[in-house]
Amino acid sequence: MGSPPTTADEARALVEAFLARGDLPTEKTEFLRARFDAGLAWLHYPAGLGGLGASRALQPVADEAFAAAGTPDNEPRRIAVGLGMAAPTLLKHGTAEQRERYLRPLWTGEEVWCQLFSEPGAGSDLAGLACAASKDANGWVITGQKVWTSQAHYARWGILLARTDPDLPKHQGITFFVCDMRAPGVTVRPLRQLTGEAEFNEVFLDEVRLPDAARLGEVGDGWSVARTTLMNERVSIGGDALPREGGAIGLLARTWRDRPELRRPGLHDAVLRAWVRAEAVRLTGLRLRQQLAVGEPGPEGSAVKLAFAGLLQEITGLELELLAEAALRHDEWRQDRGPQPEFPLRTATHRYLRARGSSIEGGTSEILRTIIGERVLGLPAEPRADLAVAWRELPR
Amino acid sequence: MTGLLYSEVESALRAELRAMLRQHSDPPARIERADPVDVDLWRRLADMGLAGLLVPEELGGAGASPREAAVVLEELGRAVAPVPYLGCAVVAGTALLSCGEPDLLAGLAAGERPVALAVPFAGPPSGAWSPTVTAAGDRLTGSVRAVADAITAEILLVPAGAGLFAVEARRVRREQCTSLDETRRLCDLSFDGTPGRLLAEGADAETAVRDALLAGAALLASEQVGVAEWCLDTTVEHARGRYQFGRPIGSFQAVKHRLADVWVAVTQARAVARYAASAVAEKSEVEVAAALAQAHCSGVAVEAAEACVQLHGGIGMTWEHPAHLYLKRARSAALAYGAADVHRARLAELVDLPPA
Amino acid sequence: MGSPPTTADEARALVEAFLARGDLPTEKTEFLRARFDAGLAWLHYPAGLGGLGASRALQPVADEAFAAAGTPDNEPRRIAVGLGMAAPTLLKHGTAEQRERYLRPLWTGEEVWCQLFSEPGAGSDLAGLACAASKDANGWVITGQKVWTSQAHYARWGILLARTDPDLPKHQGITFFVCDMRAPGVTVRPLRQLTGEAEFNEVFLDEVRLPDAARLGEVGDGWSVARTTLMNERVSIGGDALPREGGAIGLLARTWRDRPELRRPGLHDAVLRAWVRAEAVRLTGLRLRQQLAVGEPGPEGSAVKLAFAGLLQEITGLELELLAEAALRHDEWRQDRGPQPEFPLRTATHRYLRARGSSIEGGTSEILRTIIGERVLGLPAEPRADLAVAWRELPR
Amino acid sequence: MTGLLYSEVESALRAELRAMLRQHSDPPARIERADPVDVDLWRRLADMGLAGLLVPEELGGAGASPREAAVVLEELGRAVAPVPYLGCAVVAGTALLSCGEPDLLAGLAAGERPVALAVPFAGPPSGAWSPTVTAAGDRLTGSVRAVADAITAEILLVPAGAGLFAVEARRVRREQCTSLDETRRLCDLSFDGTPGRLLAEGADAETAVRDALLAGAALLASEQVGVAEWCLDTTVEHARGRYQFGRPIGSFQAVKHRLADVWVAVTQARAVARYAASAVAEKSEVEVAAALAQAHCSGVAVEAAEACVQLHGGIGMTWEHPAHLYLKRARSAALAYGAADVHRARLAELVDLPPA
């Protein structure tokens, strides 16, 4: 590996050179391992860990070149938690051994990751978590309950927050671990949602033993490690760049366009308002992407997440109104846990119901407004009584 | 002036019914069963004299006013009770009263022979007469889709050709829909030369169906008030007891103010629903009142149910918590008897605010 | 005066008997004084103070009977602060001398009252007020600034809140006074609003001397006295019972109905939504009135005030959109301070601008939501740091 | 893909202009004067080369792109500056570029001979060609109501009959309106056999006017972003420093969250306005972009200005505080070049979402 590519042409040339190698394996995992080893997995990662230390902006160039050549990908949707949250945290806070051990099979998709942060009693107030980790001669013993864990039922590893000192204020007594999902005491149960499906899980940890080597960062530093994870979650929630009418609005617009018998005068302006709003959110996302590309990451990410949640909820509700009689029916309340069809292929009722979660998951809209008010606009925080008190003493 | 308050009789009725429902209704368990209608509960309502609330006393009913039926619907809404009250006691009952059918009314009042009107649940009163079933003499053929409260009915009132017919439900093919609202499942009806008995013809039949649907639209508003009220009360309770950041979440203005807005909306919806029930009772301004009621109360129930899910956070998204039953009821009811915009368009005609 | 009337018929009979008296004066003030002395001014007030100790519900009956007979009234709009706020406070907290002295000329309109509560630094947080009252041998010396005082420029008396002890927590150091608006040191200045007019005033109090007899209630009890005033303000804000299309919605509906050339398809549903919302607010007010009539005053008053503010703002904004080109013009930015035309006779631009105040005056919509959340729904209050501290120590 | 960011040149321009406006613009004082247009300020803008920003360099202009004019409008909106920039430099300038009028363009660029297009301020681009003035040869008769930025214009571009004419403004009767927005006063124009010079005829004239109004609608969005941004910044500042209940009011969620919503709205409006400016610059999708811009950004400016008044409480209702100037500008701008619903209706045609 030479010096990192600095232009799109250089990045493309590297991919072409790689693909022209005579010894490339054709089996999917083998191929992905080779791509990783060539530093063409995530170009902005360091050399030796799947990258070349290049600019983040070159990654899409490489991805497109691989896609154009028809090579297998690592199914990024299936391993989203690993790619978006575990990997940047491992990179920033992991030891050399941890990065070496985990990043390659994470990226190739051989090992799926899940996130063990939220608890029934700690949602918006994640730092109030109760899951306890106590130290003994052999390492750590973890007991607690986690919730809203997607992919837990096929994950190999979980990133886990646990409380190592309940006598410290809540942010200070937390430690970050990599949890072996095959360890004894780990129980994964499907969590059925209002859509009827179980996209997520509850995870019960009953005296699960982890070695001290499973700790990421120092004891008591878990909250600052977790901030890396959460910041990367918010960045990734922006989603893909979509063309006009690319999202839920496209479904609504097509229904209006293609089914004149459903049109009602009182809904026309509502559909147009939704179209305008969707286009505004889309352009905001596009502008955010352009800022990221020139290295000016603005706070617009939280604006997009907040606006997108409201938009999606409005559009899916409007879709029910437009469909009228047809929206009185659902397809099937019981679903297997296998891969589900993409959003556009579901019923309008499913979309409507599932969209209720968009203003809750990954930070409620209420929490986002507070974050925007305080971190972006510089408005003063509320008086807080929970910051200087031992976690044990907090009312809950 | 129309009384918008509750009478003492109405308040007593509410208290009795609420106590009964608390003891005997369990919709979350019920929806897991193949027979989603709670027939036992319907029986109990009948025993309390509520099935025949609108039926004259001489036919075994209570001879009460639609205002009292509205109170019953508020409570049934609060409980998302899976019983065919709206469709049987109110809508079909009103149609039967219009046709003057003592035997069927007596059977309905006794709770023994539930009756349903075979029209699509989503159909607005203003387009009431649009039969999709034809009549050759007393033989009916055709189908009606997405009918409410017909699954356990014994008699179906079927608009066909130019008449309204009574049909034995067991002779009709009934196919249960997978309904958005599992606490009020719909079914599709098919008629294939099925025999019926003519109840009314021409203008009389049209009047019977229109009056029935107007009563349904007007009183559904009270059910929507009940749905909204449960959502509000339950969310307030949650906000009092759920701690985050060392405080009950109800002490945060984001939560408190949203609940205050829901309360204001419910307060208004109650006034509108009471007005609608009084209008039906007094047979005065029924069309305006019904359109107003659906144009307004539909959205309030949806707003309250959406706030309930949101302010419960993750737990509100689970199947385990009953919030989703109310959300689905609210959304489904918002389409029943015509969506809000359809009612606004009707108001435009009634109060002379013509389109551009 | 015999026993109080208990039915509408009895109340009407009393009015008829009064009007049939041979000695009734015809001059307006004399007539009103006679009506007051007969106990037919406010029937629910005590005998001797303009009333008969009757039910409040009988008042409209008497008012209608007088109106039907064409007798002069006391111009309730002109003396609204006196009738709605000063009078109930005097009745509940005044000494016998104060009630005797003030209530009759207040009701007849001979003496106009104004309210000296709000200050530039104390709006929503009225109890934070700074206007200072200090005691000396001759009474009280008042210095401070009040704002948003309507009718101050022709008022004879003002109800005044002043801080008598800055070393107590803020609610405890306030005393309630009747301020002589002709006393030296009282300066009234018009306060121009965004409509261009000066409906309100600023009142500057510069070492104004008041006798101790001007005090209403005990020293330091001013806040609890003021609660009487404010509760009566909120009740009265509900306004009159209106017929359908009686308020701003009527103007909008008539414009839509009568001027087809202005109609645009995209506004039809918006007009209908406003109509529905207006009717819902109207019926809510009607229901509130029915509750009051049977003596069940519910908390719906604050719902009506909150909903009415939002409704009026929506309707007046929509009216500008409907008028389009015509709404680019105003009539006149400078206005005399004389009586202004009623709301319906003003321009749409005036209505729109003035309506911005409806969610601020008499309690902002934000404050009302908090009150509803805490007093009606029983939600817990926010942690407060300003209740147990000496007023002097509060940040401001 | 269309760049939605600001270039370095644009950011430098903004900084320079903002500094100049801070020093030389004072709209609250200006609106108390009989001559509400700030001619000195216009002079300064011209001296900075901004009057002729869109005019080719060979005619004394800057030959810059509409994207830069959009940045100027953002700043003028932030300052509610009472100068005829939108009407003269953008709208009339675009019409002149379309007609190819070197002398008039040079006069405009020098700031010496301001030009205005004599069409009603409320008229949408889609109905652009609807002259209310007739032409008999080169003599014009008729009137145009509520025209923007014409009070200090020296030349009026007048659609009359089938042509677009240049008219000496001093020969036209101009009557100032009492405008809702006192920082951009409108006037009514009357022509009574007034001589004009034909600039373009038929389709050429129509194109010139339509392009001018499309540019106006598209770039007005940037002015609206500026208005909204001032309202947001000023309210944030107030919420930081205003104490009630012993706390800055910005620490209350009711205030904080509403400001967060305004910030989100402004963030979106900026993206939409940048897209519109780029569309005009690149002459691509101009109609969609202009309609989208007005359908969206109008409401954002109004929302921000209304929040500004509300969150300032009583002080926001006073004449003394400048908030009202922004509220009036926002409301007035929302009607300029067609209200939001008119633009949505136009979008319905452009993107094939036909009425019911």
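Going by the order they are written in, the chains are A, B, C and D; count residues from 1 in each one.
Rule of thumb we're sticking to: a residue touches a chain if its C-beta (ideal position, glycine included) is under 8 Å from a C-beta of that chain, and two chains touch if they have at least 3 such contacts.
No experiment lies behind these values; they were computed from the predicted model shown.
Enquirer: Following contacts chain by chain, what is the lowest number of steps it takes to reach chain D starting at chain B?
Expert: Shortest path length, in steps: 1.
Enquirer: Using mean CA coordinates as chain centres, what's the chain A-chain C distance in Å?
Expert: Spacing between the chain centres: roughly 54 Å.
Enquirer: Can you check how far apart chain A and chain D are, centre to centre, with Cα atoms defining each centre and the answer in Å?
Expert: 42
Enquirer: Compute the distance, rounded to whole Å, between the mean C-alpha positions of chain C and chain D.
Expert: 42
Enquirer: Tell me, which residues of chain A touch at least two other chains?
Expert: 264-270, 272, 366, 369-370, 382-383, 385
Enquirer: Show the residues in chain B shared as contacts by 2 or more other chains, in ascending order.
Expert: In chain B, the residues touching two or more other chains are 247, 252-255, 257, 341, 344-345, 355.
Enquirer: Draw the chains as dots and join the ones that touch; what shape do you get: line, ring, star, complete or other?
Expert: Shape of the chain contacts: complete, all pairs touching.
Enquirer: For chain B, which residues count as touching chain C in their complex?
Expert: Against chain C, chain B makes touches at 1, 3-5, 236, 239-240, 247-248, 250-253, 255-257, 259-261, 263-264, 267-272, 274-275, 292, 295-296, 341, 344-345, 347-348, 351-356.
Enquirer: Taking the complex as given, what residues does chain A use to touch chain D?
Expert: Against chain D, the touching part of chain A is residues 253, 256-257, 260, 263-265, 267-269, 271-273, 275-277, 279-281, 283-284, 286-287, 290-291, 294, 296, 300, 303, 306-307, 366, 368-370, 372-374, 376-383.
Enquirer: List the residues on chain B that touch chain A in their complex, please.
Expert: 120-122, 145-146, 177-182, 186, 243-247, 249, 252, 254-255, 302, 306, 309-310, 313-320, 323-324, 327-328, 331-332, 334-335, 339-342, 344-345, 355
Enquirer: Using the touch definition up top, name the residues of chain A that touch chain B in the complex.
Expert: Residue list for chain A touching chain B: 118, 120, 122-125, 128, 147-148, 191-194, 196, 264-267, 270, 313, 317, 320-321, 324-325, 327-333, 349, 352-353, 356-357, 359-361, 364-366, 369-370, 384-386, 389, 394-396.
Enquirer: Could you please specify the touching residues of chain C with respect to chain A in the complex?
Expert: Touching chain A: residues 265-266, 268-270, 272, 382-383, 385 of chain C.
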